[in-house]
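Two complexes come next, and they have one chain in common, chain A, joined by chain B in the first and chain C in the second.
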Partner chain A sequence: MLNDLIEIFLLGGLQSGMYSLLALGFTLIYGISGVVNLAHGSFYMLGAYMFVTLGAIGFLGAGTMLNAVFVLVLAAIVVGIIASMIYRVTIHPVLGDEVAIMVATVCIALIMQQFVIIFYGVTFPRVAWPEDSILMNTANILGVTIEYSYIAAFVVSLALFGTLMLIITKTKMGKAMRAVSQDVEAAMLMGINTERLYMLTMGLSAMLATFAGILITSSTTKSAGAWMWLQPLALSFAIVILGGLGSIKGSLIGGFILGYAEQTVKTTVPEGGAIVGVVPLIVMVLVLLLRPKGLFGKRVELEE
Partner chain B sequence: MVRSYFRRAYSSFTAHVFDIPPRFMAFLFFLLLLTVPAMQLGSYVLRLLIMANIFAIFAVSWDLLVGRTGQISLGHALFFGIGGYTSGLLFQFFALPIWVTIPAAVAIGALAGFLIGFPCLRVKGPYLALITMAFPLILSNLVKWSPLEPIFGGELGFRSLPPFFPFLPFTQAIMAEYYLILLLLFVSSIVIYKIANSKTGIVFVSILDDEVASKACGINVTRYKIFAFTISSFFASLAGCLQAHILKLANPPMFSLDISFLPVILTFLGGIGTIYGPIVGSYIYVILDRYIMSILLPKAFESVGWTLPREFDFAKLLIFTLIVLVLIIKWPRGLARFATDELQNLEEARDLDERGPRIWKRYKKTKH
Partner chain C sequence: MLEVQDLTVHYDGAMALNRVNLEVGDGQFVGVVGPNGSGKSTLLRALSGILTEVEPGKKERPSLSGSILFEGKEISKLKAWQITKLGIIHCPERRRPFAEMTTLENLEMGAYLRKDKKDVRKDLERVYELFPILKERANQMSRTLSGGEQQMLAIARALMSKPKLLLIDEPSLGLAPILKETVLKTIKEIWSSGVTILLVEQDVAITLATAQKIYILAHGRMVTHGAKEELMKDRDIREVYLGL
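Up next is the complex of A and B:
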């Protein structure tokens, strides 16, 4: 019993950090440009595939840890650029029409899925850290065995979260983002190039999705393959709705609620592993019935 | 100079030739569909058209809810799946005949829409879209869950559901199914069209345009929204149980996101908010995806001596989605709407003795 509690606390907490990172990109792009990006899961998938592809090239010596970290960053940048170009070509022309945006992003997601199937096949090339790196070892904390990579993923997630907060609160770009999220027209009158800002935000959001994709798929046994974008998409929209669309604080707290809820089901319910994908959705529906705008939901809230 | 004469001749030609009332065009379309079995195209084509009709019922029901009432639902697979699974359950456990399972499935689907309508009333816009997307995902996981396998049949779902006409030989049975489903499409699209253009339909559009203003006019918005959900789920579950009986199969993919997105894409292809658009969209989808790219193209390649790579199977969806994406960007109002607008513009152009370029100018203005 106590063992279960410790396991829930530790594993759930580590998982929650990654989930928050996953949802952060989704909430960022909604909060700033009002785009419900249903292709968010695809950027997650694209990131993982890009990591494998670029890692096979081996810029700084294939199979070394240095190379893996370099490729991680490189993959994020490449996916970010791809995402902002996709945004400019497909989503920007239909901006303002909610349904059209959703359909366009769904189309993007399906196109990417088919691309991946055509070029890589249905089976997934395994995303993993180099075999001999320290990340593959396991630690034993209070009787729970945890891989170092899992802990590292959690730390990196929180670090990225903090970095984003800093970008939004301290830099000039972040100031522009906050301004646009509050009032687009006024921001435009103040000379902010909204189109470029939206493209940047989309790139940033996709970069976060990439990091989440690589960290989650390399450290856990999440389902992988060409359909791997669906589950993170469901998860990220559940988190984001739970916390409130467009609220950054909300995505952190929503991520923790869902991470713990999932882990609780996984450890306590027999055969729980199969049904674990439902938990976020059920929690989301329940919360939404009580608070229709999520826990911290407001269209204009990016200061936090 | 010469070009302008050509353009003038073209516009007056199209304006005269296409100067037919839309009602008559729809009638002609159904007449054409009635004669299809006589063309001896083979049972495969009939199968395709049956599927097109089922998708059309499904997409039309989505269009009433989203295009007319503005309640964005990305989870229509819920009703589709409930329709199929109710049929399956009733057959599996009570061995009821098909003429009982279908009305029961439709009734339960409508009830589900009615019940789903209540929580969904509290949320709006993107929240509504995402929360409706969640329901079919929850159900698809539940029906797959191994402890519930004795009830829902697990990953495999229900197999060997009864066909519509077990007493007929194969070719005649398909023909009979074709006519039955065509009739159902005809009836349901007429019913939805009538609802959309009745007083209730006007209220739906007013909710889409401005919910607060319609409330201020004394309209009970809640009741109309739930009514829209119920009607829409009624026809969506009809499509679901028809598909289950045609394919003799009700399985977890009926709840998948693909099925949720199908009516969205079909409706956008045809034109959102027009009731006839989704029908056009589903025919285009089925003909393009399952006939031209699955049968005609490989045959054409074979006749030249090439063979299509195996990956082309996956590229079909890619090509289709790409087309839809381009359409959304270029003509967000859909193909059918685009065609009718073009005709209307041509008529106006004829009346004002204006020519081609003006049409495009109007387009630039209406696009946002």
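Up next is the complex of A and C:
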């Protein structure tokens, strides 16, 4: 019993941090441009595949930790640029029409899935840190076995979350993002080029999804697959609906609630790992029934 | 400075502006009066480019024809941010401060496009002199400001953009008479500092008291224009449109 509680507390907490990072990008692009990006999970997937593909090139020495970290950042940048361009070509032209945006983003997701199948086949490439890396070792904390990569993923997730908060509150670009999320017309009158800002935001959002994709995959399943975009999409959706669409604070707290809920199921229910995918859906249904605007939902506003 | 020719705006089939002509000379103070729904705000929104912008959640996209010349350059096809960059600054109806940002951050947003940091700081001091209350409220969220303070903030924010031509939409809306006076006095001060002004108002008395040239807009058409004295001479205009 006590062991279970400790396991839920530790593993749930670590997982929660990564979930918050995953949902952050989803809530960011919605809060600023009003786009419900159903391709968010696809950028998560693309990130993992990019990590594999670029990792094979071995810029700073194949198979070294230094190279892996470099490739992590490079993959985020590459996916960010791809996402910006996809946004400009497919979503921006239909901005203002929510239904068209959803259709467009679902199409992007399906196209990317096919793209992955065509280029990589239905294989499951390995997404992990180098074998000899310390991250692949496990630690024993209070009787719970945890891989270092899991802890590292948590720490990096929170660091990235904090970095984004700093960008939004302190930098000129961040202030422009907040202005646009609060009153897009007034923001345009200040001279903000919203088209460029939306492209940047989409790029940033996809970068966060990439980081989440690589960090989560490399510390859990360790393999990518053409269908790996669906589960994170459902998760991000559930988290931001729980936390309130467009709310950054909401994505952090929603991430923790979902993370703990999932871990509780995994630990306490026999064969819990197999049914854990249902948890976000149940949470989503409950929130929509009980408090449709979410915990911190002001709908479009993106608060500090 | 600004020359509008045959400006026509269609909203989803309905005509909001019908072949409107308007001219604002360098350094002039021009007013546009007209009742609710006559197209005053549409006119300013067309001038600042916000009317035809693509926005999240905005379904209808009005169509615009005619020409808008600013300093001899056609601007009717430009994006809102490009028009702002040219120095046409629109101070919108209902003030529209960024509610979840502080007064200071709002003012910084006004200077978004400016690269001259030193002058921005000077201008900040200047607007604080013009509106001392904003300095007191500098670190307060703008949603906590009173209506009058928000109007001052809106004007101050527009000033931070270093306008050549300042478009002001209904600055007196919802303000107590004494506040109206203050706001108006400030607009006059801004004008005397060399900024060209195009003021749109429902309050005829205010406009007559300040503008050098007044346009009367009704049902999307320019009925007439002229100096106060000319307009007052015409009994029909005085009674029907000015209500005096």
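Everything below uses one rule, namely that the second predicted complex is superposed on the first by the 300 of 304 C-alpha atoms of A that agree within 3 Å, B and C clash if a C-alpha of one lies under 4 Å from a C-alpha of the other, contacts with A are read in each partner's own complex, and residues count from 1 in each chain.
The definition used in the following text is that contacts are C-beta pairs under 8 Å (C-beta built on N, C-alpha and C of every residue); 3 or more make two chains touch, one makes a residue touch a chain.
Note that the coordinates shown come from a computational prediction; the quantities given were computed from them, not determined experimentally.
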Practice item. Tell me which partner A:S33 touches in the superposition: chain B (first), chain C (second), both or neither. Key: second
Check your understanding: Thinking of the overlay built on chain A, is A:M165 touched by chain B (first), by chain C (second), by both, or by neither?
Key -> neither
Check your understanding: For A:M173, is the partner it touches chain B (first), chain C (second), both, or none of the two (neither)?
Key -> neither
Review point. Can A:V265 be said to touch chain B (first), chain C (second), both, or neither?
Key: neither
Exercise for review: Report for A:D97: first if it touches chain B alone, second if chain C alone, otherwise both or neither.
Suggested key: both
Review point. Quick one: chain B or chain C, who's touching more of chain A?
Key: B
Exercise for review: Classify the contacts of A:V144 with the two partner chains as first (chain B alone), second (chain C alone), both, or neither.
Suggested key: neither
Practice item. Pick one for A:L289: touches chain B only (first), chain C only (second), both, or neither. Key: first
Practice item. Please identify the positions on chain A that touch both chain B and chain C, taking each partner from its own complex. Key: 96-98
Review point. In the complex formed with chain A, which residues of chain B make contact?
Key: 66, 72, 74, 119, 122-127, 129-131, 133-135, 137-138, 141-142, 144-147, 257, 261, 264-265, 268, 272, 311, 314-315, 317-318, 321-322, 324-325, 328-329, 332, 368
Point to revise | Complex contacts: residues of chain C adjacent to chain A | key: 48-50, 53-59, 61, 79-81, 84-85, 89-90, 92, 96-101, 105, 108-110, 112-113, 157, 161
Check your understanding: Okay, in this complex, where on chain A does chain B touch?
Key -> 30, 36, 89-90, 93-94, 96-100, 102-104, 106-108, 110-111, 114-115, 117-118, 230, 234, 237-238, 241, 245, 271, 274-275, 277-278, 281-282, 284-285, 288-289, 292-294, 297
**Study point:** Of chain A, residues touching chain C in the complex
**Key:** 33-35, 92, 95-98, 172, 175-176, 178-179, 182-195, 300-301, 303-304
